[in-house]
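Two complexes, one shared chain (subunit A), two partners (subunit B, subunit C).
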Partner chain A sequence: MTLLQVRDLRVSFQTGDGTVDAVNGVDLAVPAGQAIAVVGESGSGKSQIMLAVMGLLARNGTASGSIRFDGTELLGLDERAFNRIRAREIAMIFQDPMTALNPYMRISHQMTEVLTLHKGMSHGAALGEAVRLLDAMEVPEARTRITMYPHEFSGGMRQRVLIAMALLCRPRLLIADEPTTALDATVRGQIMRLLGNVKSAFDTAVILVTHDAGIVAGHCDEMVVLYGGQVMESGPVAETFAAPLHPYTRGLLDAVPRLDRDDERLRAIPGDPPGMQHLPGGCPFAARCPRADERCHHVRPPGVSHGPGRRVACHWPLGGAG
Partner chain B sequence: MSVPLLSVRDLSVTFRMRPGGSPPWARPKELQAVRRVGFDLAPAETLGIVGESGSGKSTLARSLIGTVPATGGRALWQGKDLLALNPGERRPLRRDMQMIFQDPLGALDPRMTAGEIIAEPLVTHETDLSRREITSRVSALLERVGLLPEHINRYPHEFSGGQCQRIGIARALIVRPKLLICDEPVSALDVSVQAQIVNLLRDLQRDLDLSLIFISHDLGVVKHIADRILVFYLGRVMEYGATRALVHDPRHPYTRALIAATPVPDPAVERGRPATGLEGEVPSPLSPPSGCVFRTRCPVARPSCAEAIPALDEHDDGRFVACPFV
Partner chain C sequence: MIYYVARRLAVAVPTLLILIIVSYVLMYAAPGGPFDTERTLPPEVMANLQHKYGLDQPLVVQIWRYVVSIVTEFDFGPSFQYTDQTVNDIIRQGFPVTLTYGAWSFLVAVLAGVSLGIAAAVCHNTFLDYLCVGVSVGAQVLPNFVLAPVLTLVFTLWLAWLPGGGWQGGHWPYVVLPVIALSTSFMASIARMTRSSMLEALNADFIRTARAKGLPMRRIVIRHALKPAMLPVISYLGPTFVGMITGSVVIDVFFATGGIGQFFVNSALNRDYPVIMGITILAGALTIAFNLVVDLLYAWLDPRIRY
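Right, the complex of A and B next:
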């Protein structure tokens, strides 16, 4: 069953320097109970898609297209109905766990507030549930540490608190926006393992938004590759890594420095990501693409099906049969 | 190894500070950010320094260029002890040692053009140059770091992160230094751009016979540029050795854990790997564990690890490992 269905999503912002098109016709499907990765570099529109799903776009931003969650259209939904969905059905965690927590409030207060407000639980019951979730996220001595303030926790512990907090109302979808980017290498693995457990233990679908192809490889089922606010390629993680269809995906995977290979030089993609204000008319990747021809610069390639479960938006996809 | 350009012995940096929340009259605690670090850097060689946040790797770099006072040890620069020089004696050496930083845009003055930024060190260090000479050197370097001639009159906000880092590199190289210290130079950049900058630094190093100290939390990046790697944890050297040997045959349990924690972008490899992640997090440097600082997270720790600080033992292949049990 498809839990979240995004169709032809467009997000644009009115700024002093004109319109910025951050998301340009993105399709996305998240099956219930699965983990999908949304991979993209800065400016790819990955965070704006998620903010549109959460109804949290900045005031100068507008979204069009369709975002259906479990059959309900979220775009244009009134604030009260949206609040109900945000609280109970969809939760989101962010890159910087410190700024997502209120520094003046004890963790216990911040966590129980969610349950007393949305579920009408008593304070005692809410506290018990909060401790249970911190335990599940392997926060040591949860019962005593829950009375601490955010600054008394380390970065990794704060991220555990945030995941626990996001799971309080047992949402069916958890959006994790770069959850490990601010963390140290040895802590990153711990958090990814916990997020993996969330999927099975809580039957929650997870969208992992990241720039890091490395963490996608070990922890997700499906992946969507974004560039310039458009989907370049989507499909199962194993097949996409083994044989990418889009030249951008190939370039991105090749650019990752690998410990298990002795390359003399890193394989960089020449050039820089496009500015969103002057997005080219054709394929957004054309200017940096080794396979691009005249058509790529003028005609935007549509996303087409390419083998079971895979789609690619490229005039000259890799792997022959294009 | 040839005569080292820089030879560091027993370098220590200690800060005196009051922990957050303590009253102003409380006795300040000592924070040992860097403890008795030593290494040699040959001309045209790259030393990689790897460590997690709070490991003291940036403090080490800053103590070398003199923005943080070292509290012990020696740093011999072509025979002269940098740490014993007064600021006046130090100034002429500054030109030989330049630095680039993590935040590429934040390191550039927003009110200066790229050309002015790159030329600025010449105003300090080479006062006898004519305007024409300055312009020609700036343009030549601009091209060498991969920017276009028309970029010379643009302001930092008009550039992407990768381009800003190229400007930072040009500014550092304009005075023809012997040593370039790179403090997390690619951490703020996108993966596809990160590779460009690492390759650029490698090329520049070869062409200009530069020595590099390359600091990063990412062992994967360091591996692609460093000849030798120093692995840092809580201000101490855990392991020090030639890059290939260290990556393919890590000896210290911390180096092993760091390699295990670096994800491989290949589902076939990644899913077949055993989950050997470290538990816990880096302890506070204000109250480091006694004995070996890594023992609280070490999978092979023994009771004796709490008693004495392990010596940095030399192994057969010229490698140094601070663990008696490997």
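Right, the complex of A and C next:
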């Protein structure tokens, strides 16, 4: 069953310098209970898709297309209705755990208010539930530490608190926007393991937004590769890793530093991502693509099916017609 | 915490002492004297007066005597101008007046200013926002020596609702116009500060978290954004409160309230040294006290600040 179905999503922002098109016709499907990864560089529009799903776009941003969650259209939902979806059905955790918690409130209060508001729980029951979730996220001495303020926790612990807080109402979808980017490398593995457990332990679908293709393997079922606010390629993680279809995916996977390669150099993709104000008419990746020809610069390649469960938007896909 | 307060109070003593010495020296250095009148006094009379009030002594001795009489007897000396009154009498009569209308003005300015600021920030870039900004800019540039006559013109002469002056022991009709006249520009500054700090607070990452939790906007503003938004405003409120309760010469003169603001300015014009000193010390002590209050409020509001 498809839990979240995004169709032809477009997000644009009115700025002083004109309109910025951050997301340009993205399709995305999240089956219930599955983990999908949304991979892309900074500025690929991946965070804006998630903010559109949560109804949290900046005031100057507008979204069009369709975002259906379990049959309900989320685009155009009013705040009151959206507040019944947020936290209860879809929860989100953000990139920087150092600033995502309110420094002026105790952890206990920040957690219990979710339950007292959405579930009508008493303060005592809510506190017990909050402690249980902190325990599940392996926060040591949760019962005593829950009364502390955020600044008394380390970054990794704060991210655990945020994950626990997001899971309080047992949402059916958890969106994790770069959950490990701001953390030390040693803590990243622990947070990824906890997030991996969420899917099975809480029966929650997970969208993992990341620019690091390296953390996707082993944690996600499907992956979607974004570039210039468009989907370049989507498909099961294992197949995509084994044989990427899009030249951009190949570049992205090659850029992940690996120890099993006899290669001292970091393989970066040459060039820079396009400015979102002046997107080229053709494939957004054409200017940096080794396989691009005249057509790529002028005609936007449509997303086409390419083997079971896989789609690619490229005139010259790898391992195929090219 | 108690240790911190004790230390701050201990530091207040030398601070006040320095305040006394500096003000005394500045006052002494200013040209003219308390007994300079249009009609020149005979030299003997002048010498007698100077001697009676100790003004013939060296500066150091004068300051020493002054400080000793304050410390031992809490005596701030006689007024040179109002010969039957001591400085203690003047403050005892005048300070309750300014404290009354000052405190009311403060309350009005804070309540109205903060509400206006929050409303403007929450409705950022809407008509309500522009209205709030417009009102507060207008109120801020309107000096109270213009506002006070306009208020009396409207409410006293035209509508005859409220008395245009006097105090009557602080009976409420006499308090209303001074409070409006004094609070308006402060209200405007507070509204503008609250608006900008609330806008900043609402842009914080943790507000996005709160919104992702599905909290209604009202709750987000009150529970999550108000504390950080009030911190910068509170640091402005400490000195502002002192400024308001130590009076305004415009209010005192225009509404004939008999507050100490008027005495303060008169004493400076008349070189009424003890009155100048007394009111300066009062304002200084209050400033020190309310800066401490602000710092304690900070620690109460922000758990990351501990003393």
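Keep in mind that, in the parts below, the second predicted complex is superposed on the first by the 319 of 322 C-alpha atoms of A that agree within 3 Å, B and C clash if a C-alpha of one lies under 4 Å from a C-alpha of the other, contacts with A are read in each partner's own complex, and residues count from 1 in each chain.
Here, a contact is a pair of C-beta atoms (placed from the backbone, for glycine too) under 8 Å apart; a residue touches a chain by one contact, two chains touch by 3 or more.
These numbers were taken from a predicted model, which means no experiment stands behind them.
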Original post:
Clash or fit: what happens to subunit B and subunit C when subunit A is overlaid?
Top reply: fit
Subject >> Partner with the higher number of touched subunit A residues, subunit C or subunit B >> reply: B
**OP:** Could you say whether A:P273 touches subunit B, subunit C, both of them, or neither, answering first, second, both or neither?
**Re:** first
**OP:** Look at A:D135 in the shared chain and tell me whether it touches subunit B only, subunit C only, both, or neither; answer first, second, both or neither.
**Re:** neither
**OP:** Report for A:D221: first if it touches subunit B alone, second if subunit C alone, otherwise both or neither.
**Re:** neither
**OP:** Identify the partner contact of A:E178: answer first if only subunit B is touched, second if only subunit C is, both if each is, neither if none is.
**Re:** neither
**OP:** Figure out whether A:V114 sits in contact with subunit B (first) or subunit C (second), or with both, or with neither.
**Re:** second
**OP:** Once the structures are superposed on A, label A:G156 by its partner contacts, choosing first (subunit B), second (subunit C), both or neither.
**Re:** first
Original post:
Touch check for A:L101: first (subunit B), second (subunit C), both, or neither?
Top reply: second
Subject >> Overlay on shared chain A, then closest C-alpha pair between subunit B and subunit C (Å) >> reply: 5
Original post:
In the superposed arrangement, what residues of subunit A touch both subunit B and subunit C?
Top reply: 151
**OP:** Quick one: which bits of subunit A touch subunit C in the complex? Just the residue numbers, please.
**Re:** 54, 56, 59, 79-80, 82-88, 91-92, 94, 96, 99-106, 113-114, 117-118, 149, 151, 162, 165-166
**OP:** Write out the stretch or stretches of subunit C touching subunit A in their complex.
**Re:** 124-125, 204-206, 208-217, 219, 223-224, 227-228, 301-304
Original post:
For subunit A, which residues are in contact with subunit B within the complex?
Top reply: 41-42, 151, 154-157, 184-190, 193, 211-218, 237-238, 241-242, 251-253, 255-260, 262-263, 265-270, 272-273
Subject >> Sites on subunit B touched by subunit A in the complex >> reply: 20, 52-53, 160-163, 190-196, 198-199, 202, 217-221, 223-224, 244, 247, 257-271, 273, 275, 277-279, 281-282, 297
